[in-house]
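Data block below; observations after.
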Amino acid sequence: MATKQTSTLAKPTLPPKVLAEMERLNEEAAPLQIWLRTRANVPQKTPWHFGAIEKPSYLSEVVGGNVDPPPTYKPSPYLWKWKKIEPYLYRVAEIAPLEFTDRQQFLLLNPGLGGALRVTNTIRCAVSIYKPGDKAVTHMHTPNASRTILSKSGGYTTVDGEKCLANRGDLILTPNGTWHGHGNDSENPIIWMDILDWPLLEMLDCISIENEDPNISINSPPPSIDFSKRHYSAGGITPRFAPIKRGVGQKNSPMMHYEGKTICQKLEELVSEEGSPYEGIQINFTNPINGKPVFTTLGYNAQLLRPGEKTLPCRQTASVLYCCIAGHGYTEIGGERYEWEENDIFIVPNHLWRTHVNLNNVENAILYGVTDAPLLQKIGHFRSQGKTPKGHLIELDW
Amino acid sequence: MATKQTSTLAKPTLPPKVLAEMERLNEEAAPLQIWLRTRANVPQKTPWHFGAIEKPSYLSEVVGGNVDPPPTYKPSPYLWKWKKIEPYLYRVAEIAPLEFTDRQQFLLLNPGLGGALRVTNTIRCAVSIYKPGDKAVTHMHTPNASRTILSKSGGYTTVDGEKCLANRGDLILTPNGTWHGHGNDSENPIIWMDILDWPLLEMLDCISIENEDPNISINSPPPSIDFSKRHYSAGGITPRFAPIKRGVGQKNSPMMHYEGKTICQKLEELVSEEGSPYEGIQINFTNPINGKPVFTTLGYNAQLLRPGEKTLPCRQTASVLYCCIAGHGYTEIGGERYEWEENDIFIVPNHLWRTHVNLNNVENAILYGVTDAPLLQKIGHFRSQGKTPKGHLIELDW
Amino acid sequence: MATKQTSTLAKPTLPPKVLAEMERLNEEAAPLQIWLRTRANVPQKTPWHFGAIEKPSYLSEVVGGNVDPPPTYKPSPYLWKWKKIEPYLYRVAEIAPLEFTDRQQFLLLNPGLGGALRVTNTIRCAVSIYKPGDKAVTHMHTPNASRTILSKSGGYTTVDGEKCLANRGDLILTPNGTWHGHGNDSENPIIWMDILDWPLLEMLDCISIENEDPNISINSPPPSIDFSKRHYSAGGITPRFAPIKRGVGQKNSPMMHYEGKTICQKLEELVSEEGSPYEGIQINFTNPINGKPVFTTLGYNAQLLRPGEKTLPCRQTASVLYCCIAGHGYTEIGGERYEWEENDIFIVPNHLWRTHVNLNNVENAILYGVTDAPLLQKIGHFRSQGKTPKGHLIELDW
Amino acid sequence: MATKQTSTLAKPTLPPKVLAEMERLNEEAAPLQIWLRTRANVPQKTPWHFGAIEKPSYLSEVVGGNVDPPPTYKPSPYLWKWKKIEPYLYRVAEIAPLEFTDRQQFLLLNPGLGGALRVTNTIRCAVSIYKPGDKAVTHMHTPNASRTILSKSGGYTTVDGEKCLANRGDLILTPNGTWHGHGNDSENPIIWMDILDWPLLEMLDCISIENEDPNISINSPPPSIDFSKRHYSAGGITPRFAPIKRGVGQKNSPMMHYEGKTICQKLEELVSEEGSPYEGIQINFTNPINGKPVFTTLGYNAQLLRPGEKTLPCRQTASVLYCCIAGHGYTEIGGERYEWEENDIFIVPNHLWRTHVNLNNVENAILYGVTDAPLLQKIGHFRSQGKTPKGHLIELDW
């Protein structure tokens, strides 16, 4: 019989009373498929550049006998209702001191994935809060990460020396191998959604995390504002002298900050185009140097559904995690209806047919999406199918 | 609490007495980290081209409460001793009728992976036997697969209409989306090692399997012998009219058969070159059309260690599964010695330092390797480190 | 003895008196290395899509005997002084009716190239004027072409249905295989610089030109304003539903209009960056879909030299044609000084060392450049060398 | 008026009497469109790595006035009849001492190209002879070059330390930036066809040539036999430790020697395949590392026409130079018939329709081809058209 391997979570260090209260809250929040963070992450590996002598890992007991292999978990469609989960964020902020848990946040659990801290087998999603005065230690890790800002404004993420001020609708990247930190020097708490390819890296046993020594801070240069904007914000224009990637990671984008107001403006400018019958007006966020997805593993996009618009059914071998940034509508996933409004988050697992509907006949709706399509494309397994208005099945090339 | 999802193994259909005997054998073989197959595979998905209406998958019970996320399994180094595991193959062949179990084979279990049918989180490895007269239904699936022939000769694999006659040391590919079958019309049983990227595809929930309707057999054209050899066997020469890939899979190699005698001959021809201090004389098997690894996910190679040769330590973020094709030596993995001789199979997990040593001072040793480096390279996480003769750490570009 | 092949210029059709006056002007302007256009272009080939039966071309006399091969022409450095050449443009506009000559323009002649209509062996450059009310027939050709706007504003280029209104500093592309037209419905004449890879295509005998039948106008859709801007102007953001190229040409950029005010703004935003010691603050114009140069053959860029800035010497195997958009300075080319001010055009042939100097200590200078580096990179012959402040030679990777 | 630039040929240095005799021979051979070499090449540029201070080149007189631009030369179809041109090779060998002329050879002149030493505007072709005992100085240049062996055997080319023994049908590459030499230590003269992308490099003014100092010979390592064969001759197998390119040139193939007997064998092995209706059984010679054409500019191939085979008409935007290696047939080019037999060389200019016919009803015919398609593909101008058996026009993707 196998014995469990070490978890990627540290042992709890919260004061006992706090821990007990957190556990009570977790019990209460369980039906909402979120987990209030009570424990810090544990890096699986020593950072590569240390050239450490890794020791083999062994189970304490030998496997064998009448094998009953571990089950295969598949993601379910699910929608996390913002109105129901948001209150827990404030509770966490109130009672769980940041220094014991890495973050004040809850993680989304896909009910199909057996309690794993993931929304698909490749994507982790958390929702975090930073109170005025909060400041997280500058750190670096191998998973790619991003922040999608849900609050109106306040707080920041520093990445590789660039200070990105957070405003609603912003997408801020902290790619693999970049030193980054978070904080809030405004007067209001800031809330954002963290998205990482953590589960994929975990499966590949390639997670390492490193915290900056706060006494040295060599990796926290005096913040440069608007580095991304000044260098990469004009389409088809790239500074010849600027970095084509930042940090020690490989194949990253050098553009860290995609501003919500620009995203919104581009969607509006394109609103009278025909767009795609399967996606409405959709824009991809790309590496400005080569047009590729911002991460090797995950692709980010935003889409606008016009008043009353209903997209045609399509499905992919990739999964998509959505967040409603504006509007009110529903997405039919595998025949079931998931109704969304502002800040609701939902997951469309791969292979399931889906259509989006904007239920508002006056206002546009805007969804942000994150997909593992870039990973599937690289390994030759990305496929996409749509149905024509007459119901015929066609292969799509994206 | 989570309830287990459906397994990727079918329910047992073996006659009760046979099943009981198999279970007894499995109990006996457990310490050897093999599992005698008693159940067929279950496809996770309907083949994509059917455009099926996939239904969402749900757990029977809701997850929640005091989350105890599923453990993270990491592969251990391990060596499967051929002399000890081979006898079980003959026992399986004897008692477990092919029609109930898909295959007569055992699968290798990495003791670190909690009983999962895999040697790393990306690679499955089985050892199969086909008796004279055996014939497996022609089928197709999304995982990439290969056969490395261990017996002297006999048997065949058909792939996309090409009949590849099996001889020791041959590598026969059946890429994603190719119709393929196996059989043995010789007078001796044939034994080979099956290697697949099954666990990766399983994690991505992209496994589909399709069996050919034997009454139609549209996908079993009259066998063409030596298609790969005639079209692709000359380096730097590619027929302009020939397929650049075969089957409906994407990004595959069109070359299906790499012959052991050619592999051996090339290694011998290069034996007096300096080679690599970390790998000796090593050759990669590539897609002849573009020089890329034969699969998008896995790379195959062979290496020759000269009499007494000892390689310098190196390590990668990728794992390598080895099979000793000739000779006698050992590999030190993470400080521990794994001694190998003919047909022994062993796994070097990622991040662990390793050196190879040929213990024979007269004869060459030959190892075949399979690595998930191509996957890691695509997502920007491949790294490789070596030590110089003086022990200095250097980054290697491969 | 060889007999000349047909020229790529048509026979003169100008009224005899006009032609005589134009010839007189050409005689006068000859020392300025410009040629006032008196004849239209002749396409070398029937457009490919007509599938014409091309006839072999023969010389009227056979070559042979004491071979004296045609000389090899190499481009010289040269500067066309705007103040001296501009007046001829108005003379041409006055006397040479547009309908006889294709265009009202003069072409720049490199004094090293034996009278060929080119500034290097790969680049043709003309300066054109369009008077109020002018309208050129919509046409299409295989060479790539661009317009760099020198007048303040007025006029337009339509390309593939997009109407690009011309303003100073704009770069408007009309790639290979796009239907395009020019005109001026403003009240002022418009002047721009035309740059084409005509000589390269001519050498490859791949020039075809096709004029639209004005009675049909299928290729002049109702003009869409700001198509490029709306679709591609935001860095790192690409509409998923939009074309990745336009026209029937291959490997083109879909972005046709790079606005001068945006270019200027980006240069200003980057002015306090360190920039490149060899180029100052330089931005490349790229295909927003893949980050590649806008044409397969030619690359476009703009650079800002800060007050008093002097760049370090460098040289390339590619040539660069410059136009001064703002400021006053000089470029030392192969040891000789070429002083420039607004609208001056100059050529730095390949292999010659050059440094740029902004002679103004208060104002920035801006140069636009066009280079055949993309062609040389594709065939493996691009190289770049610089000198360090101490005079050491180093290889540059761009 | 323009004055001629310097030629790429040196001043004659042959002894006056020899020169006179050579000129007489050239007069005689002129109608055959060959030029017996009487002068050495002159490099246009100092080798790049010397970082030389290149001086601007100027014409002695200024261009201007009534511009009469240099004519545009276009290649004609032409066939050089081996039986008629071969005798001149022996005459050259007899009378023109190697030391004065670089080579004992004649160059092919395309009658459409005005006496330039080229068969198309991108390709130069010569036919050379090396007598027993001949040895050419080891040298290096920027143009890519190849040798196609026409004699039965004898002689060699060394390239980057590899000694390639020449046998009929061999293709030996000496890519841009490789040190190479030629010689003959056998007892028979050796004859081969030299093919270079010289005219293209000349047009780009990127030709440099460097001779090895024979007293140092650092670039003539002790010859390694069969380097190409041992490392790259097996399809889909690449040594991991071996160079991916050789020499200082960029983007070259590391495989230098394609043996005629292997080429012939592959063609024979594929003879019963359907092949291409436009090319019969055709194989491309590729870079074994990445499957690309062996040169960035030129592609090489061989094709077998079965007894009586007649290909369907096709045409390309690229030109092809053919040499008949075996058999007897004709090629119809632009409606005219060019009949070929062993060693005849002929050129099919771009855009002209052509069909190949094997006139022998018993024996196969073999043609070797060299095309500038790789250049045209890189810049987006490669196109290919064919006609169906019913005469319909179709676009071909190769």
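Order of writing sets the chain letters: A, B, C and D. Residues in each chain are counted from 1.
Definition applied: a contact is a pair of C-beta atoms (placed from the backbone, for glycine too) under 8 Å apart; a residue touches a chain by one contact, two chains touch by 3 or more.
Everything numeric in this text was worked out from a predicted model, so none of it was measured.
Note on connectivity: the fewest chain-to-chain touch steps from subunit A to subunit D number 2. The chain with its C-alpha centre at the largest distance from the centre of subunit C is B.
The distance from the centre of subunit B to the centre of subunit C, with each centre set as the mean of the Cα atoms, comes to 56 Å.
Averaged Cα coordinates give subunit A a centre that lies 33 Å from the centre of subunit B.
Per-chain CA centroids place subunit B at a distance of 45 Å from subunit D. Looking at subunit C, one finds that none of its residues touch two or more other chains. If you sketch which chains touch which, the chains form one closed loop in which each chain touches exactly two neighbours.
Chains touching one another, given as pairs, are A-B, A-C, B-D, C-D. By the touch criterion stated above, subunit D contacts subunit C in their complex at residues 1-2, 4-9, 23, 26-27, 29-31, 33, 35, 44-45, 48, 51, 53-59, 62-77, 109, 111-117, 121-122, 142, 176, 200-206, 249-252, 296-297, 315, 317, 333-336, 349-353, 372, 375-376, 378-383, 385, 393. Residues 230-242, 253, 255, 258, 262-263, 265-266, 269-270, 273-276, 279, 281-291, 294, 301, 398 of subunit B are the ones that touch subunit D when the two sit in their complex.
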